[in-house]
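In the part that follows, the structures are each spelled out as structure tokens.
Both complexes below contain chain A, partnered by chain B and then by chain C.
Here is the complex of A and B:
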């Protein structure tokens, strides 16, 4: 039998389960080990350790009224709820709760697509709608909208947006696409944000802000409410996607290269996710490079440049994505080339060119169709079966070449210190506007000792990142307290504000205790 | 990983086929006959199988899957199946491959699968 929620006795728990069953139907309340195990984190860094969070039960309501009933029952018995939409979120905790013994509130049955508008390009969806569902709906109805799915694309627009995930196309910053929410508060009250607060509103998904304080951000990466409807902006179907590849020969060329990239992205000319490719990192196992680096004093930058020149390879390169009309995209690429031409020795190459929407023949030719607006699981095939899973350290840095140099230098030092090998999977990604995103992917395996070392390395990176002013944009359950504590300006003023809000909105602490480091008062530890 | 011998492969493959007999008595719903066999040499991309076929069937509460694969291979299918109808994944260890079922309401234990 699964564990009980902390502080709840078995009789109260059984009474609560009976009331949950009355609210949502017996068949949608899961309490057996076999059922509850399905909600554990498949990629848990605590595999086979007592800290691995295990839910006490799971509930799958079918509508907002049932969610209201659930929170009222949870308040009565002080039972913590952990809400998931489709419950993917792999590498960040899957559908497992932060607090063992929580009851998972699984919203996947609330999977109605309430509206997709292709005149003003938005959708209104429930939590259980997946990117595949939304894509199928737009295909079947022949709608002129383009979907930005994360990779893999099996999660939900709501879940990914609430965790402030990123995609690949012009609307890749998913939080920025959010337009209007319906939220069930811990009290059971239902709130609609933005224009949704206006009865009979005609613009809930068209104007974000409504009147007064803008509160939508409060319900992302948080535990202040249960979002039951969400508006998301979609992109009008572009005519084409094209990529242009820019390569530079010298180490220091990265500085003007990134400045030019920043200009092009902030001008909305380059419109999708890209990242910096380093030929040296790709050749890290080349014996010639290893020998060069192993000599006394190490390899100097001129020697590394010479080594790459000998192989006819650039020092850095970047693949620029363009989306838009067939007349405009070539002009944008020509303009980008003119801007980058200020860098001596720069080279250009045309990359992939795809008409949109892609047809079946086009899709058969691409390894991963996500940048073409088609959700996919191809990334799992690319990753193969190496290891059991992974967790990702993902700090945000300034969008400058100097910041990239500093990050790579600091990361290499920490890697040597901690014995970390080859986990840097994204250098300077552009998932979010105006900043860079790095991704360090740590394998999770069925080996307790190795996972302990991984956790220690991860925590060290959080600490070192904070020392350099780099914070994570999102993190796995196991490191939420670490990351929240790193955002410590003025004696943790932001976390104290989060806690003040938590106490006001959810005095019994029933909603997702510990999410993003925000604990209810009775579970809060004394901060040092 | 230890290689799977031809003998073991055939033996376990037959067992995977016979495992279908377990589903009918364990499921409250009728089971459709075999309609397709998917063969993949490596750990493949299941997107098309899911999007063009299984997802449509699962919305109607149809289509059991019986597999004979490495333990990692059904990971995505199992996760996707859960989104629709809370299915179970049941597996039986072999040398380095597993026999598994994904089906509506399947409640077989590992022991029952092994017997099949």
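Here is the complex of A and C:
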């Protein structure tokens, strides 16, 4: 039998379960060990350890009225609810709660696509709609919209946006596409944000702000409400995607290279996610390079440049994505080349060119169709065949070459100190505007000691990152307290504000205790 | 006439059963295409197929296998395997899972 919610006795829990059953139907209340196990984190860094969070039950409502009933019952019995949309937030906790004993509120059955508009380019969706669902719908209806999916397509536009995820195409910063929400508050009240607060509103998904304070951000990465509908902006189907590859020969060339990239991205000329490729990182196992680095005093930058020159390889390269009309994209690439030409020795090469939307023959030739607006699970191939999952350390850094040098240097030192393998998967990704995103992917394995070592390394990276002014944008359940505590300006003023809001909106602390390090008052001692 | 009636009486339950199995397998094909093909299909970018190939499974495409038992399929879906996570009943119901089993067993 699964555990009880903290502080709730068995009699009250059984009464609550009976009321949940009356609200959503017996079939959609899961209480057996076998069913509840399905909500555990498949990629848990606490595999086979007592800290691995286990829910006490799971509920699967089919509509907002049922969510309201559930919240009222949970308030009556002070039962913590942990909400998931498609429950596929793998590497960040999947469908598992932060707090063991929470009841998972599984919104997968709320999977209606309420509207897709291809005149103003937006969608209104429920939580259980996946990127695959939305893509299928737009294909079946022949709609002129382009979907920006995160790497795995089984996640939901709502869940990914609420966790402020990123994709690969012009609308890759998913929070920036949010336009209007419906939220069930802890009281059971239903709020519509932005223009949705206007009865008979006709622009809920066209104008974000409505009137008065803009509160939508408050419901992202938080535990202040349960979002039951969300508007997301979509991109009009571009005519083509093209990539141009820029390579530079010297270490310090990265500084003007990144400045030029920043100019092109902030001018909306380069319009997608890319990252810096380092030939040295790719050749890390080359015996010649290992010998060069192992000699007394290590390898100096001129020697590394010479080594790469000998192999006819650049020091750095970057693949620039362009999206747009067939007449415009070549002109954008020509302009980008003109700007990068200020770097001596720079070289250019045409990359992939795809007409959009891609046809079946085009899709058969690409390993990962996500940049072409087609959701996929191809990213999992990058994880290799070892391990059972992964977790990601993903700090945000300034978009400068100097910041890249510093990050790589600091990470190498921490890796050596902690005995971590090379887990750097993305150098200076451009998932978000005006900043870089690094991704360190730690494998999760069925080995308690190795997972403990991974957790220690992760926590050390959070700490070292904070010392350098780099914060994480999102994290796994296991590190939410660590990351929240790193945002500590003025004696944790932001976290204290989050807690003030929590106490006001959810006095019984029933909504997702511990999400993003925000605990209800009676559990606050848990904070690290 | 009597022989004909007997023949019909014998055939009807069998054909009814075969029809039901066929129908379940067809439902399984649809569920499989929605939930399994993105990872276990053919072609590029199918990590489940790649992982199975790397672990020596032959053939690596599940729909081409003839040795999958209901237990193997049910365990993979409900417990996960390698980086494949568990699937909840709100995603793949028990009826859907039975249909997947029927579809893969039907191959």
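Convention: the second predicted complex is superposed on the first by the 522 of 528 C-alpha atoms of A that agree within 3 Å, B and C clash if a C-alpha of one lies under 4 Å from a C-alpha of the other, contacts with A are read in each partner's own complex, and residues count from 1 in each chain.
To be clear about the criterion, a contact is a pair of C-beta atoms (placed from the backbone, for glycine too) under 8 Å apart; a residue touches a chain by one contact, two chains touch by 3 or more.
The structure presented is a predicted model; accordingly, all values stated were derived computationally and were not measured.
Could you check whether chain B and chain C clash or fit when both are placed on chain A?
Chain B/chain C on chain A - steric clash.
When the two structures are overlaid on chain A, which partner does A:517 contact: first (chain B), second (chain C), both, or neither?
A:517: touches no partner chain.
Scan A:132 for contacts with chain B and chain C and give back first, second, both or neither.
Touch partners of A:132: chain B and chain C.
Return the chain, chain B or chain C, that is in touch with more residues of chain A.
When the residues of chain A touched by each partner are counted, C comes out ahead.
Which holds for A:167: it touches chain B only (first), chain C only (second), both, or neither?
So A:167 meets neither chain B nor chain C here.
Determine, under the contact definition given at the top, whether A:365 touches first (chain B), second (chain C), both, or neither.
Second partner only.
Contact-wise, after the overlay, does A:378 reach chain B, chain C, both or neither (first, second, both, neither)?
both
Considering only the touch criterion stated at the top, classify A:314 as touching first (chain B), second (chain C), both, or neither.
Touch status of A:314: no partner.
Based on the superposed arrangement, let me know which partner A:108 touches: chain B (first), chain C (second), both, or neither?
In the superposition, A:108 touches chain B and chain C alike.
Check the residue A:37 against both partner chains and state whether it touches chain B (first), chain C (second), both, or neither.
Only chain C is touched by A:37; chain B is not.
Of all the chain A residues, which ones make contact with chain B and with chain C?
30, 34-35, 38, 42, 60, 86-88, 108, 128, 132, 154, 376-378, 380-381, 385, 388
Which bits of chain A are touching chain B when the two form their complex?
30, 34-35, 38, 42, 60, 86-88, 108, 128, 130, 132, 136, 154, 375-378, 380-381, 384-385, 388
Can you tell me which positions in chain A touch chain C when the two form their complex?
28, 30, 34-35, 37-40, 42-43, 58, 60, 86-88, 90, 94-95, 106, 108-109, 128, 132, 153-154, 364-369, 376-381, 383, 385, 387-390
Taking the complex as given, what residues does chain C use to touch chain A?
34, 38-39, 43-48, 50-51, 54-55, 78, 80, 82-91
Per the contact definition, I'd like the list of chain B residues that touch chain A in the complex.
Listed in rising order, the residues of chain B that touch chain A are 42-47, 50-51, 55, 70, 72-73, 75-76, 79-80, 82-83, 86, 88.
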